[in-house]
Amino acid sequence: MKQGLFEIKENKPVTENVMKMKLEGDTGAITAPGQFVNIRLDGLFLRRPISVCDVEGNILTILYKAIGKGTEQMQKMTSGSLDILSGLGNGYDTSCSGENPLVIGGGVGVPPMYMLTKKLIGEGKKPRVILGFNRSDEIFYEKEFKDLGAQVTVTTVDGSYGTKGFVTDAMTGEYSYFYACGPEPMLKAVYKTSKTEGQLSFEERMGCGFGACMGCSCKTVYGNKRICKDGPVLRKEEILWQI
Amino acid sequence: MKQGLFEIKENKPVTENVMKMKLEGDTGAITAPGQFVNIRLDGLFLRRPISVCDVEGNILTILYKAIGKGTEQMQKMTSGSLDILSGLGNGYDTSCSGENPLVIGGGVGVPPMYMLTKKLIGEGKKPRVILGFNRSDEIFYEKEFKDLGAQVTVTTVDGSYGTKGFVTDAMTGEYSYFYACGPEPMLKAVYKTSKTEGQLSFEERMGCGFGACMGCSCKTVYGNKRICKDGPVLRKEEILWQI
Amino acid sequence: MADMKVNLCGIEMDNPVMAASGTFGYGYEFAELYDINILGSFSFKGTTKDERFGNPTPRIAECTAGLINSVGLQNPGVDKVISEELPRLAKCFSKKVMANVSGFSTEEYVYTCKKLDSCPQVGWLEVNVSCPNVHGGGMSFGTSPEAAAEVTRAVKAATTKPVIIKLSPNVTDIVSIAKACEEGGADGISLINTLLGMRIDLKTKRPVVANRMGGFSGSAIFPVALRMVYQVASAVKIPVVGVGGISTAEDVIEMMLAGATAVEVGAANLVNPYACRDIIEELPEKMKKYNIESLKSIIGGAI
Amino acid sequence: MADMKVNLCGIEMDNPVMAASGTFGYGYEFAELYDINILGSFSFKGTTKDERFGNPTPRIAECTAGLINSVGLQNPGVDKVISEELPRLAKCFSKKVMANVSGFSTEEYVYTCKKLDSCPQVGWLEVNVSCPNVHGGGMSFGTSPEAAAEVTRAVKAATTKPVIIKLSPNVTDIVSIAKACEEGGADGISLINTLLGMRIDLKTKRPVVANRMGGFSGSAIFPVALRMVYQVASAVKIPVVGVGGISTAEDVIEMMLAGATAVEVGAANLVNPYACRDIIEELPEKMKKYNIESLKSIIGGAI
């Protein structure tokens, strides 16, 4: 974990409500895909947790959906710098992926899968990527994933693009392992549908984001864990669904 | 009273801690010298009351001393606009000044006396101005008052410039009326020394600045008054000193 | 069309937004800025039997997201309120106004309420039980269920208009006090008054306000006010007026979801004199955003 | 040279700045960022007899200038704290630490305190009496002078280290409770714990935290904390630890002027993990600005 100022280099919409922001700063603490950063914003008490989408040198890319006070404030920014805690969370472990892992992202769960896919491909693996959205106009980053060299399936709930249905409807064929990030109902469906071991990334309202407050705890097979520090990525085997 | 945005046109030091700020906006509510404006600042709950030093067309000039959170924040501003409530308070009544009024300002009580002096001269009167400071390096606006055509005496407590002593030490000679603004001990001394009727401007911690909260009340011969709305200028005859 | 109408103790209001007592004077200062008839209503400055100057100055201290006031119920006394302020108010406000009443003994409360009860302009009596009870050892009426119920019963027996008891938040158990007022016959409960707070000036090393402590209010206290409104609205059957830290249309909706039938905006008026107008103008848009067709329908929705 | 030393219940501290319980874990996360030995000390996460998961999530809600938490005393239980956390803490913190203890019955408090009393690392026992008293009808120990005094007496009888009782602010009369603790033998009082608060999510129209209400803290509550520290420090002879809304060196000075011998920084650590370090580094400069040579000398200066 590191605290530092990151300078806004770019802040562009990729869909109507999802923005891509490029930030320049000390990215040294970011060590694994699936980690997140925690962003301080003027006038808001709590930082806002956002997944790392990509890191290239000292450039950090995040993708975020404007859904409330904080993200709407970010949406309006064109320059300046942000106070960011980086390198938070455990991130995905790629060592157990096998040859043909399945990478599944839904909605704003898509961003961390980009850096994960990049890493898997860098390690010589052949990930298949499923990106799930509600409608065609909500789709983002399909091309970026393809440009990494991954095989990409897009699903839309209303069938307006790609495979009609949920990400689980595309979880066909063989795969060696799976990685998922998305809303909780999606994670649960993926968990149930999956035929292999895998890792899933969770969200929770956070006080600190670095393990100090116990605001984000969950029960697992291996005892209580903090989503922010011991997660956000949990292994399939340890998950105890609350609902 | 009017609320509006004023754009910062200039913000320059006139002494080490006293700044002159020129603001452009709708000055229409400012009708008398001695009135004040109430300035909203980022992150601070209460507005900051500052006297009107001058108005020329849509340009408002204020002079303020950086002494705390709000004024220090203002000191750093170079551009942008401020949310200002203008035209607050009663202001000085020049109709009773006579031919040779004495105008007395001490420290940050000097600013409103500028617009007052200008108005008195505009009305064909011959005000004599006494400006009191602690030390020579705290003096500001001597030249500006002289440029209005007023006769100006500067006093310094340590004698490093002008007449040594307090403003009261310069309250010699004949005068038809007096106007004063400055710290409360000065006002009290002026009140006691003065040989004529006069008007004195007071400060008080304010909640609203426009008469709604009763935060700034004082007792007078004519009953309870609100410094912000029924003042800040009180007539000598009505003052009941609290201490 | 967004339906903002609510009914508070039998009186129809165009919208639930009122200005809180002590932060809106008798309305004139605001009437200079906008037509205050757009308000649901407002509660005028706390009125006592006799004229009061209140506490010594300084009476105001700034806080993070709020302020402390120790005005101490400055007001001209009920007779002058009726003979001078209300006629003047009639010229700029044609709706029913809420009369906020304070006292230092049950008799004083009754005396003042009775006089205001006879004024046709007055719609509701808002009885502020935060004052120290001079006959009861100095603790405020609002800190014991018995004292609060006693004032309620006495005022109800002497008046005909709806009586709303305004509670102090500086208590261990707000629900028991609210229930005691309900049992005493109160027509409504309004809460919260200010939290007791303090600031010290680092330069002088003395308390900022002359009275040392004072009432803390402003957006900082919203979560405490919301919690108490929720607790009380869950426990009583009479309407609750939500007060404390409201400064946006979203705050109004949140308060109503917690159980408020109407709301009062206090400190926000002092720093933004257009606060009530802005909130009322913003409400329809926010109702739309959160899929609310009628404000009436969301009262207590989160309970 | 600015003298920041204070003495809290017989233990010398390099400076009065501690981190507050529940906002600093057992210190490790912060030790990754800076040497936590610069702290005066810190109070570790509230410890109970048995392991607790705490409340369901979501447990956190944002507020203006603060947050609500309903963690619900998640902790591994006193035995694991002693066998696992304290040895691990010893590697990064060489000073005496404050052990924060909670319980749901007097016996539980005594059990946990006794165990922690035997740990040489522990300097003080901070007994948090904000928990509901399961044997006393569910109101918290800290809301009645009798219950607070009972816990104090019982813990004092079973331990040797200084016992500091941490009070809840959600009471009518904080002074009577503090005095009861003093009479019960407390060596110090720390206050305040969180204010009971609530937020509602406008989108779901449900309370934000699963437990509906939670503890509100952060800069918003500073004026309430300061007032209570002032009231209690004026009324008792034992030292007071000031907690609530502190986020700057100036806040520390203000708390000490109100009567605090030492202070605890809570929520500020969560949003600025360097908060305590920043405050300690800034203190000498602010002392100079306000003409303070020794912090010890200003304790209670505004009383």
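Read from first to last, the chains carry the letters A, B, C and D; within each, the first residue is number 1.
One rule holds for everything that comes next: contacts are C-beta pairs under 8 Å (C-beta built on N, C-alpha and C of every residue); 3 or more make two chains touch, one makes a residue touch a chain.
Not measured: the values here are computed from a predicted model.
Listed here as common contacts of chain B and chain C: no chain.
Note on connectivity: the fewest chain-to-chain touch steps from chain B to chain D number 2. Among the remaining chains, B is positioned farthest from chain A, on the basis of C-alpha centroids.
One simple way to say how far apart two chains are is to compare their mean CA positions; for chain A and chain B this gives 58 Å. Rounded to whole angstrom, the centroid-to-centroid distance between chain C and chain D, based on C-alpha atoms, equals 33 Å.
Centre-to-centre, using mean CA coordinates, chain A is 47 Å away from chain C. With centres defined as mean CA coordinates, chain D is found 36 Å away from chain A. With touch defined as above, residues shared between interfaces to two or more other chains in chain C number as follows: 61, 63-66. Remark: chain C residues 61, 63-66, 68, 139, 143, 170-173, 195-200, 202-203, 205-207, 212-213, 216, 219-224, 226-227, 230, 245, 250, 253-254, 257-258, 290, 298, 301-302 touch chain D in the complex.
Within the complex formed with chain C, the residues of chain B that make contact are 1, 3, 40, 44-47, 85, 204-208, 210-219, 224, 229, 242.
Within the complex, the chain D residues that touch chain A are 22-25, 29-30, 32-33, 45, 53-54, 56-67, 69, 71, 74, 208, 218, 267, 269-274.
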